[in-house]
Amino acid sequence: MKFFKRSNFFPLKKKYNINHINSLFKERIAFQNIENDFDVNDISSLKFIRNNSILFLEEELNDKRLKNDNIHVITKNINNKNYYKNITVVDNLSDTYNKILNSMYFHEDQLGFQDEFNYINGSYVSKYSKISNSSEIGKNCLISRGVEIGNNSIIKNNVVIKNSIIGNNVIVSDNSSIGTTGFGFDFNIRGSQFLNPQIGIVFIDDNVHIGASCTVDRAKIDYTYIGKNSMIDNMVHIGHNTIIGNNACIAAQTGISGSVIIGDNVTIGGKVGFAGHIKIGDNVVIAARSGVTKNIKDNSTVAGFPAIDINKWKKNLIRQKRYGH
Amino acid sequence: MKFFKRSNFFPLKKKYNINHINSLFKERIAFQNIENDFDVNDISSLKFIRNNSILFLEEELNDKRLKNDNIHVITKNINNKNYYKNITVVDNLSDTYNKILNSMYFHEDQLGFQDEFNYINGSYVSKYSKISNSSEIGKNCLISRGVEIGNNSIIKNNVVIKNSIIGNNVIVSDNSSIGTTGFGFDFNIRGSQFLNPQIGIVFIDDNVHIGASCTVDRAKIDYTYIGKNSMIDNMVHIGHNTIIGNNACIAAQTGISGSVIIGDNVTIGGKVGFAGHIKIGDNVVIAARSGVTKNIKDNSTVAGFPAIDINKWKKNLIRQKRYGH
Amino acid sequence: MKFFKRSNFFPLKKKYNINHINSLFKERIAFQNIENDFDVNDISSLKFIRNNSILFLEEELNDKRLKNDNIHVITKNINNKNYYKNITVVDNLSDTYNKILNSMYFHEDQLGFQDEFNYINGSYVSKYSKISNSSEIGKNCLISRGVEIGNNSIIKNNVVIKNSIIGNNVIVSDNSSIGTTGFGFDFNIRGSQFLNPQIGIVFIDDNVHIGASCTVDRAKIDYTYIGKNSMIDNMVHIGHNTIIGNNACIAAQTGISGSVIIGDNVTIGGKVGFAGHIKIGDNVVIAARSGVTKNIKDNSTVAGFPAIDINKWKKNLIRQKRYGH
């Protein structure tokens, strides 16, 4: 997976000196200790630490990488405040995230996001995108800034691709939307303007097939990923931050919530749903219409809602039948 | 909610004098008593009575507002025929509705619906729409006649908006369709030409976020409504006449049938389905994958299909587990 | 149902003499006996035998139509090899199919598919399509080569129609995709380039209504069919090769897998799912949220997952309730 350049997709609106960024969220600050002096120009996650960045820390974690001259950790109330070189404790992390990100970045859920397009063969293609000449794009598509498309890929018609890196030999079918906004916000504070800015991307690896009318949401900070050779049917929704391994097969109308991690060689039937933040192992088979609510171990076959071992599920059905009629 | 001007969206094809409109459906008439003389120029519902209109009455109801010099009640066989000033009893209300509406109004499910468009920045925008200059529209969109869009709203790409009033600070994401035709017809008479003309609108209130690949059907006569600050994820379908309160949160792939009434502050998980014509109270939480078949009281938390109190649902699961393996 | 001309949709890339086509898949050949000499110019199915064609036979079948001077049967290992005049046994039928079809036909899941468009009233319409003047097409649509649209049909906005024959008085609503690629491939060999070429079409018969954001996949070799007067709601997915009879009513978010056969006058609720390759009789009613896994007899009413007789399903529910709380 690539370490992408965020500003290709989300231009920096303004750099903030670590000592001045406070002005954006000062009413939220409960504690602060800043030892270094640098210009903040990116956002880190625990997966990818970037220099001169802010890292929003959701839970107490003493990680050497965060004890760093170039990182500003913004967090909720935690015990070990002295561990970090640059730390701010705030009373509402989601709101602070929104205030900082909306001030630092241009993004599409805010007025004024800028892009410039060429109209090529019936589709709008950003001047700031990089598309291999060997790839083909149908009609009525929109390819926005920063998007990269590798070799020999086919983008069909009425497809929207934003904030994404697409590999080689990828097919994206009609009316699909790739790189759309993740459904992330503080559940207690609703309204379009309180969406957490989603400044990550979608990365679709080589030889992936994506059906018609699918949606793949971009990540909050890093990426939503679909691994090599994966076959995605129509009307599949893939939530933000979700990672799907190689050789997945996902049938129609399945929905995968945000931050799910799926291993390699997984086969998923139609209309399956996944709770967020769970982990599915390698070689797992999930029967159609299952509702997966917990982690699933490698090599399991599951069915039902909540999804359980398919043999147990079948036994339950037989038992119900016996008593039922 | 606004009392919208129907002809902004559905131009009148022809006004009919109350005494002449009979010609459209005379083979259906079983009884008629017309005391007044006026030109019919609108259609009423029990919610909004309009002057000089027809009201199609599905069930016997003695309501003073219908005992009116300016209303023509068309109904099935009822007992109290003398109650109304202008009444017609017909043997098939759906067919009569179709005959009258198709003759009175231009609408998009009939050939010859007229609109005129400007091609602005890559999208088709009706000359008969009203869009605030402070709002932004992406590429490959279609905004049709009568549509109003308030301030600071963002319509992304490949979005279709018809027959709708959109408030301020609303976001509609890629490939969504707003104001589409409600799935309404006499179940015993099928075929595209027997669709009941849907001459209502969609009203999306301020600060609503609508995800990608959603569909919101316009109402039959009044409106389908989404209340302030509501957050709608991707691939959500909202049926015609449905009313959703403020601060709703609705996760991906949920489908809400027609004529559902949902209160304020409701949280609905992914892949939930709703039967039509039910009422969901305020502050209700509905777990993912639930199938809601009945009214739900305020402050309830439900799960399962048919959806029941979540604690009962969990007990059922535990019991099944115990007996099952 | 019409016997369509395949090359209208999928131009022949190259004709192969039956004795030379071997070069495409020689490493797969286990046995071969060719008695005739002709140029292969089409593909047959067991439903429609075409002259000078190849028929890929999945299972042993002695059918007089295949004992023919103009047919080349390519199959897996079978017992009665001497029955056919022209037969090749291969070790991998799916891969052989891919190799032959990708060499013989241009199709949209391969680079270099050619079409030429006129931009008419805001939509791209292939020069090789045939659309009745009495039909209307909205904005931002794509109608590709070979498509035929009958009289008085309405294609709304942002609709993609490919590889399809559309009858009279058909309505296709916004953001739907008709004629998209069937989800067919050898489950053991994944990746976009291993999709089985889908060189069939979609045939939508007269008076059908298709809602918004639907997908109808074209057949592998013959057609996916929707019968007269059928009413399809929003976000319905119909898989490849599926046949739906007349007067169907299918509510929103239902998904029908590939190769399902559905009779006449069927009523299907919302969010129903179907396993592939099953047969549903006439006059069947399927309750919302059902998962249909087996054939259903004429005149049945079913519910649940797996779908069973609705009265049994209701009894089960009552029993669960009694024991549950």
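Just so it is clear, A, B and C label the chains in written order, and each chain counts residues from 1 on its own.
Convention: a residue touches a chain if its C-beta (ideal position, glycine included) is under 8 Å from a C-beta of that chain, and two chains touch if they have at least 3 such contacts.
Predicted model only: the values in this text are computed from it and were never measured.
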Open item on the list: Strictly by the touch rule at the top, which chains does subunit A share as contacts with subunit B?
Closed with: C
Open item on the list: Quick check on subunit A against subunit C: do more than half of the interface residue numbers occur in both copies, making it same, or fewer, making it different?
Closed with: different
TODO: Can you check how far apart subunit A and subunit C are, centre to centre, with Cα atoms defining each centre and the answer in Å?
DONE: 33
Open item on the list: If a residue has to touch 2 or more other chains to count, which residues of subunit A qualify?
Closed with: 140, 158, 175, 213, 235, 253, 271
Task: Residue numbers on subunit C that touch subunit B, as the complex places them - done: 122, 134, 136, 138-140, 152, 154, 156-158, 169-171, 173-175, 207-209, 211-213, 228-231, 233-235, 247-249, 251-253, 267, 270-271, 288-289, 317, 320, 323-325
Task: Complex contact set, residues of subunit B against subunit C - done: 108-111, 117, 119, 124, 140-142, 158, 160, 162, 175-177, 180-181, 183, 185, 187, 190-193, 195, 213, 215, 217, 235, 237, 239, 253, 255, 257, 271, 273, 275, 291, 305-306, 312, 315-316, 319
